[in-house]
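Look at the two complexes coming up: chain A is in both, with chain B in one and chain C in the other.
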Partner chain A sequence: MKNKNTINYRHLLTISVCILLPIVVQNKYYLHLFNMIGIYSLLAIGFNILAGYTGQISLGQAAFYGIGSYAAAILHVKFNLSIWIVLPIAVIITCIFGVIIAIPALKVKGKYLVLLTIAFGEITRLILLNWVGLTKGPAGILGIKAPTVFGFEIDSPMRFFYLISGFVILGIIIEKKIVNSRIGRAFIAIREDEDAAELIGINLKSYKIKSFMISAAYSAAAGVLYAFMVGYISPDSFRYDESVSILSMSIVGGFGTIYGPIVGSIALNVLPEIFRPLSEFRMVFYGVILIVTTMIYPGGLLKGFEAMLNKFQLKRKLKTPKNKDNILKSNKLY
Partner chain B sequence: MSLLKIDDMTKTFGGLTAVKNLNMEINNHSISAVIGPNGAGKTTVFNLITGVYKLDSGDIIFNGESIVNLSPDEIVKKGITRTFQNIRLFKDMTVLENVMTGFHCRTECEILDLLFKKNKTKKEEAEILEKSLKLLEYIGIYEYRNEKSKNLPYGHQRILEIARALAAQPKLLLLDEPAAGMNSSEKDDLIKIIRKIQNDYDLSILLVEHDMGLVMNIAESIVVLNYGAKIASGTPIEVQTNDAVIEAYLGKGEDSNA
Partner chain C sequence: MLLQQILNGLTMGSIYALVAIGVTMIFKSMGMLNVAHGDTIMLSSFIAITLIGLGIPFYMALILTIIAVFLYGLFSEKFIYRRLNYDSFTNLLIATIGMSIILRNGSIAIWGAEPRLFPNIFSDTPIIINGYSILPQNIGIILVSLLLMGLLQVFFYKTKLGKSMRAASTDPEGASMIGINVSLTRFLTFGISSALGAIAGILLAPMFNVTPDMGAVVVLKGFSAAIMGGFGNIIGAMIGGPILGIIEAMSATYISSAYRDVIAYIVLIGVLYFKPTGFLGKRTDQKL
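Moving on to the complex of A and B:
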């Protein structure tokens, strides 16, 4: 029986593109752009799980991004630890903060939740800016060295592209697992009708906290990759407008879809570049495209193309037998 | 021992007493109904049983233990589920996914299982899928399994809500106006399904319903509420001929000398 987890042509295509792209496109500027697309993809997936699937709209994702980034940078610079050690630690630290913000978030909904997360984002940024002893304040943290993978030093945009692609692919695999599981259903139930979800046996507190933690983990991973890629971080990279960008990418790409964050990240990073010839007007056009897209496809591009996606089986869909007599007779588990 | 015992239960909202000193018992394997004019407190009783509201005084004892301090999801795990007066399905999910969500509290795979225990997760998911398909087939909406639940015809949405509630394996199933908005053929189907469930599953059903024909048809015992208080209880025949009940619904007649 064809199992959706076996390697098929779509996987091969993706892997081929990932391997060939930095060879075909040698331009360092574009490769850096692709790398940022990868980092934003992870951020957008994190936001998407929390907001798109669980319905908890957070405008404070930059906080998780920043905490992950700073945790890794500080540990790396102070103790000379490799990325493979600081990454899990940074993720765990950020998850703890995910729980910290989740607890008050349990008590508020809708616009008040948004306000709470904006506050969390700002407070985090201000702490990063002012706790000079820990973070070096506005000066930022310098000297984050190139990581090493299997003996290869990752010191060029091309090598970072491979590293980041690996993380993005892993991120999507995990996202898919979560969304298509009992946990994913609980998240969606909470988004659709929180009270009904509780009355069918779902513990709201527990699952909202889990959702925040997963979101924090993705953002932290993105933050760690960013720190090692750019070699230098400062509080300036983790402002409120980053949170807004992340939200925009997730919504434009397809809110509450698996691949939406990738599509959105590509769209909203490539678009300002396409409009570069327009110099001072490029952000105007960017804004106009953003508005028009959300007007035509309120759920984002992937939701708008849902019918087409069903054909290519990119949407989550369970294979179930047409002939129902088979299920009743057999003991086979599908 | 009764399955559910409501003991002198009172609930007020500000100045309004929604439920007043209610005493009620539900036995195993029974179909009971709570009826009364609009505003009598019937849905409030459901909300109190399922933990949505906290009692002001009194107790609710389910299978020998008090459930008044439990959260709604804990009460579901104890074995009480419900459907809603205004249908509350998970609209963006398919019919099948709605029912699979019903099995949530009877399964256990968490994030760590998902990432590191592939076989356990795969097995549990396959079980949930199979049980859900069987339940859909049992209740008669298997052909709609991949439709978005919001696209279902109204009557089928109500049936789906019942299926979802059944998935959680209740010992007590609360149906809040399950026939509301149905035409007579849909109501006949509903009666068949309720009887079928009561026959095949080890549970009791408690209905709130306005359709007297339906209530008198399936309920074995009825409690009548008016202004939050119980004014009568008994078998359908006893309740139908009870003066207080008639008065509550129809009011005192001009030439009444009661």
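Moving on to the complex of A and C:
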């Protein structure tokens, strides 16, 4: 019987695309765009595990993104530590904050949770902005040097593409393992009906905290990559708007699916570029598309594509996640 | 000095209360968090400035602005939010996010990102009482807010339309069974909420520069105020606003100006943790 984890032609195709893309597309601007798509993919996966699978909608992901990024940047600049040392430390620090926000979050649901996470996000941003002694305040942190991998210095968008792709692929593999495991099923149970989940013995507190920690870890990784890629970070990159973008990418791409966040990240990062000819009005169209997409594809683009492909009878074996989360249509969280 | 701070707190608090009522109405009625409400506030400021710039008399321009934004509210309910059938929290959230992006970027495209000045509605000369100097603006905003809240109370509790809107909010099915046009009440709820946003915008604009981003922070404070008072409860919103305003003013004076917002948010988290039903503590039918 074919193990769902075996490498099939779709994996090979994706990996080949990842290897060839920076060779085919030399344009630095586009490569930087792809790199941002990669970073947002990680952020969106993090959000998706927390919100799409566990049902804890958070508009504060920018906080984890920022904490991870700043932790890594501060350690790197102050102690001259390499990315491979600061990355795990930053992830751990951010996970601790994940637990901190999880504790009040355990008590609230639905829109109250959204507002709680907004508050958390804003508190984090304001602290990053005002604790000048630690974070240099609005000036931000400069001078983050290019990382090295096995002796290669990662100093060009092309090389970052490979680095980031590696992380994204790793992120997807981990996501798959989580979703298809006992933890994943517990998350989904919590999303669908907390009371019923508790009745069958799922420890709500424990799993919710885990969900927050996983989400924090993904966001922290994205933050670290971002810091080292751009070489400079400031509180401006971690505003409420970022949390909104992350949420949008995950939902529009396919809420509660494995690849949805990637699709969403691609779609919502490419869209503004397509609309660039419209100059000032391009973001207006972006907003319009956002609204229209949510009307036409309420389950997200991924599910919409699947429906379309089924309609046209294309027998490509689309990798639908085995754990039935795409037939659970309910998004009711209150 | 203390009195001055309290007064400032009450002033901002009154505006927060108006914003809070606006978002609470929509939340109660349709279960959605309208994050675009802040941009409604911003939109009204810009429309007002434009109308004034066209030479329309000041108070006429304000009234036209409120009407225009009211219509905008009706429009967005009928053509956008209604299409989503109000069944998916996340999709509604995305729709409001989309709306917010459209409004904010549309404003930048139409009016530019530069801050603009808004003329004072109330007179500039301070009133001197007992050696304290009070700006007419402070009194004016508080009075306008109280007046509006009073009108809303009368509307919602004494008029047939208001009562049916409350009924439709609390129990749409039951309301429609007794013949209330729930669709129409939702339609009007959006319109009234937006109109309240417009008034909040007009009151807010003279104090701060008018920029396309001005709505973002205010709407978060409005949500905070709504929660502090007990979200889903119009009276709670009316109380939460001044409470938030005073907490902010006190924090800015006695703790730190930079961390003023942090403290307000921490209080919010505290309220959510210890008393999720807000200071008013009304029991709701759903588990929080």
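Before moving on, here are some points about what is shown:
To be clear about the criterion, the second predicted complex is superposed on the first by the 303 of 334 C-alpha atoms of A that agree within 3 Å, B and C clash if a C-alpha of one lies under 4 Å from a C-alpha of the other, contacts with A are read in each partner's own complex, and residues count from 1 in each chain.
Following the convention adopted for this analysis, a contact is a pair of C-beta atoms (placed from the backbone, for glycine too) under 8 Å apart; a residue touches a chain by one contact, two chains touch by 3 or more.
This structure is a prediction, so every number in the text was calculated from the model and none was measured.
Once chain A of one complex is fitted onto chain A of the other, the partner contacts of A:Lys210 are limited to chain B, with no touch recorded for chain C. In the superposition on chain A, no contact is made by A:Lys78 with either chain B or chain C. When both complexes are overlaid on chain A, the residue A:His11 reaches neither chain B nor chain C. In the superposed model, A:Lys28 makes contact with neither chain B nor chain C.
In the superposed pair of complexes, A:Arg182 makes contact with chain B only, with no contact to chain C.
In the superposition on chain A, contact is made by A:Phe281 with chain C only, not with chain B. For chain A, the partner with contacts to more residues, out of chain B and chain C, is C. By the touch criterion stated above, A:Gly110 is placed in contact with chain C alone, chain B being left untouched. Of the two partner chains, chain B is the only one that A:Gly201 touches; chain C does not reach it. Residues 333-334 of chain A lie at the contact with chain B in one complex and at the contact with chain C in the other.
Chain A contributes residues 51, 57, 104, 107-112, 114-116, 118-120, 122-123, 126-127, 130, 240, 244, 247-248, 251-252, 255, 280-284, 286-291, 294-295, 298, 331-334 to its touches with chain C in the complex. Chain A meets chain B in the complex at residues 174, 177-178, 181-183, 185-186, 188-189, 191-193, 195-204, 210, 214, 256, 317-318, 320-321, 324, 327-328, 333-334. Of all residues in chain C, those touching chain A in their complex are 27, 31, 33, 35, 80, 83-84, 87-91, 93-95, 97-106, 108-109, 216, 220, 223-224, 227, 231, 258-259, 261-262, 265-266, 268-269, 272-273, 276, 286-288.
By the touch criterion given at the top, residues 50, 52, 71-73, 76-77, 81-82, 84, 88-94, 96-97, 100-107, 109-111, 114-115, 121, 123-130, 133-134, 137, 142, 145-146, 164-165, 168 of chain B touch chain A in their complex.
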